[in-house]
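Listed next: structures, encoded as structure tokens.
Each of the two complexes below includes subunit A, the first together with subunit B, the second together with subunit C.
So, the complex of A and B:
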């Protein structure tokens, strides 16, 4: 049986589309499920506020669903887009696009469920603060989507990148590495951002007067939590846009693939760790607003230390790309 | 409970549709017909999806666990299949700009965020209530 290039490109695009939607559905479903579970608890605790809780759940779930809609967009494009000049390199790029989007939507989907759930529960505790809680939930959820948006950008670049005269070997590995780097690194940041946003909704429900301090701490904490995904994005961009000389050796290709894997896995832990540090700070700012300054400083120091492992991963990735 | 959900749904759906029609008309009148048409198409499906979420929330209540699970599963599949339709149309037909359709699919989310961001910046302003 002979397989032509067009068939290989189609297979890669279909597999990429399947991965994009299949993996992309995981996070949003878990996140929306968490929101619904907390809404159940909230309604059972305070049935008289069920209307407000359901309204918040509807709005929260609509925003939490964004990550899976990004995945749907990429999956449909991969399944139906015409490829005028099919090459093996294009096949690698399309498959990598699916990996980037599928993995990249997981963390954001799960993460954006936390503020939704905590806001629903918070309304049962503090019905008067419902509007504040919904606003804070939406801000937190929107920031959680950032890593998924980065992943979609990388996926779109991979799909529409002008391949020109790039050498098939080792560029195929660079494209796969780019997709893996972005997709995996986005998981931790999306999830970590959600932890901070969830804690801020719980904090506002506990002490509505501290809302300004709590939201500020949440936003700073979330911003730092996004850093590992920015490292992932940086490595992806280098892998996608750097020109690699043609080679017959497999080791050069493996170095580029390993660079993506290194940064991708290396970004997961720090993203979650940073989110945990932010979650702790946000929770205690709500309980002890006088110490907000100290709590913010401790959070930032903790996040900086947690971040160091992502920096090590980035350094190793850069060595694999530029030195080996 | 049904009234609160329905009120929210109507408010955001009408805002999104009005914005899409106005912006889409602007594009069409300035010669970017596929962009305008794409934006309205994407927004229409975003609204349908939002309405289906809102309608399915109360319908899932008061049923057995198995029925609620099946109902939710079918509802999710239906909504995702529905969201894929404008994308397939935009990929297949040049009359609809793909980027505009994608932007339109996020119209409801953008309207929700804009409403609450406005309230966050100007706390005294009327909002979702």
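So, the complex of A and C:
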């Protein structure tokens, strides 16, 4: 049986499209389920505010949905993309685009469910602060979407990159590595950003006076939580845009694939950990606003230490790309 | 394309190094984040002891970091020594 290149490209695009949508559906569904669960609790607590809670639930779920909508867009593009010059390299790039988007949507989807849920529950505690809670929820969950947007950008670049005369080996591994690096590294940052945003909605519901301090701490914490996904983006940009000399060796290809795997997995833990640190700081700024400065300081120190393993992973990835 | 034994061994070492550092970074990242979250809680409850709590947090995180450093050492050994 002989398989022509066009068939291989189609197989890669369809498999990538399936992975993009299948993996991409996990996060948003869990996140929206959490929002709805908290909204139910909130309605049972104060049925007289059910209209406001219901409205807030739908707005929060709509934002959480966006990660899976990105995945849907990429999946549809992959299914119906017209490839004028099918090559094996194009097949690798299309498959990697699906992996990047599918994995990248998980964290943001789960994460943006937390602010939605806590804002709904908060409205039942403090109906007067409803508009403040909705605003804070929207800011927090919008920041949670950043890693999913990075993944979509990488997926689109992989799909429409001009491959030129790049050597098939080892460039195929560089593209796969780029997709894995961005997709996995986005999981932790998306989830961690959601933890911080959820705690800030809960905090504003507890003490609406502290809203300004709580939102500031949330944004700083979320920004630091995004760093591992930015490392992932950096490594995948290097892998996509660096020109690799043609080689017959399998180890040159595996070094590039390993660079992507290393940075991808390495970004998950620090992203979640930074989010936990930010969650703790935001929760206690709301309860003890006089210590906001101390809390911000210890949050940043703790996050910096938690970041260190992501930096080790980035160093090993850079060594794999540039030294070996 | 002829693939030699040495090439396969090197390829496996690279993949192993990537997996070692990648997976090894997850645990310390999450663990140190938990430490920082609880340190924030402790300072929120008792702001007077901020200095002592910062020190305790850093020592705890340093211990939690050690497994990440083991992963880094193994990754570098796989890349440069083996």
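Please note the rule applied: the second predicted complex is superposed on the first by the 324 of 324 C-alpha atoms of A that agree within 3 Å, B and C clash if a C-alpha of one lies under 4 Å from a C-alpha of the other, contacts with A are read in each partner's own complex, and residues count from 1 in each chain.
Keep in mind that, in the parts below, a residue touches a chain if its C-beta (ideal position, glycine included) is under 8 Å from a C-beta of that chain, and two chains touch if they have at least 3 such contacts.
Note that the structure is a prediction, hence the values are computed from the model and not measured.
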Subunit A as common anchor, with subunit B and subunit C clashing or fitting: fit
First (subunit B), second (subunit C), both or neither touched by A:135: first
Vertex subunit A angle, Cα centres of subunit C and subunit B, expressed to the nearest 10 degrees: 170
First (subunit B), second (subunit C), both or neither touched by A:15: neither
Which superposed partner A:281 touches (first subunit B, second subunit C, both, neither): second
Subunit B versus subunit C as contact partner of A:163, first or second or both or neither: neither
Contacts of A:219 with subunit B and subunit C, given as first, second, both or neither: neither
Contacts of A:54 with subunit B and subunit C, given as first, second, both or neither: first
Greater residue coverage of subunit A in the superposed arrangement, subunit B or subunit C: C
Gap in Å between nearest CA atoms once subunit C and subunit B share a frame through chain A: 27
Interfacial residue positions of subunit A with respect to subunit B in the complex: 29, 50-52, 54-55, 57-59, 61-63, 65-66, 68-69, 72-73, 76-77, 80-81, 131, 134-135, 138-139, 142
Subunit B to subunit A touching residues, read off their complex: 1, 3-5, 7-9, 50, 53-54, 57-58, 76, 80, 83-84, 87-88, 91-92, 98, 102, 105-106, 108-109, 112-113, 116-117, 119-120, 127-129
Interfacial residue positions of subunit A with respect to subunit C in the complex: 169, 184, 188, 192, 228, 248-251, 253-255, 257-277, 279-281, 283-285, 287-288, 290-291, 294-295, 298-299, 301-303, 305-310, 312-313, 316-317, 319-320, 324
Subunit C - residues contacting subunit A, complex: 1-3, 7-8, 10-12, 14-19, 21-41, 43-45, 47, 50, 53-54, 57-58, 61-62, 65, 68-69, 71-72, 75-76, 79
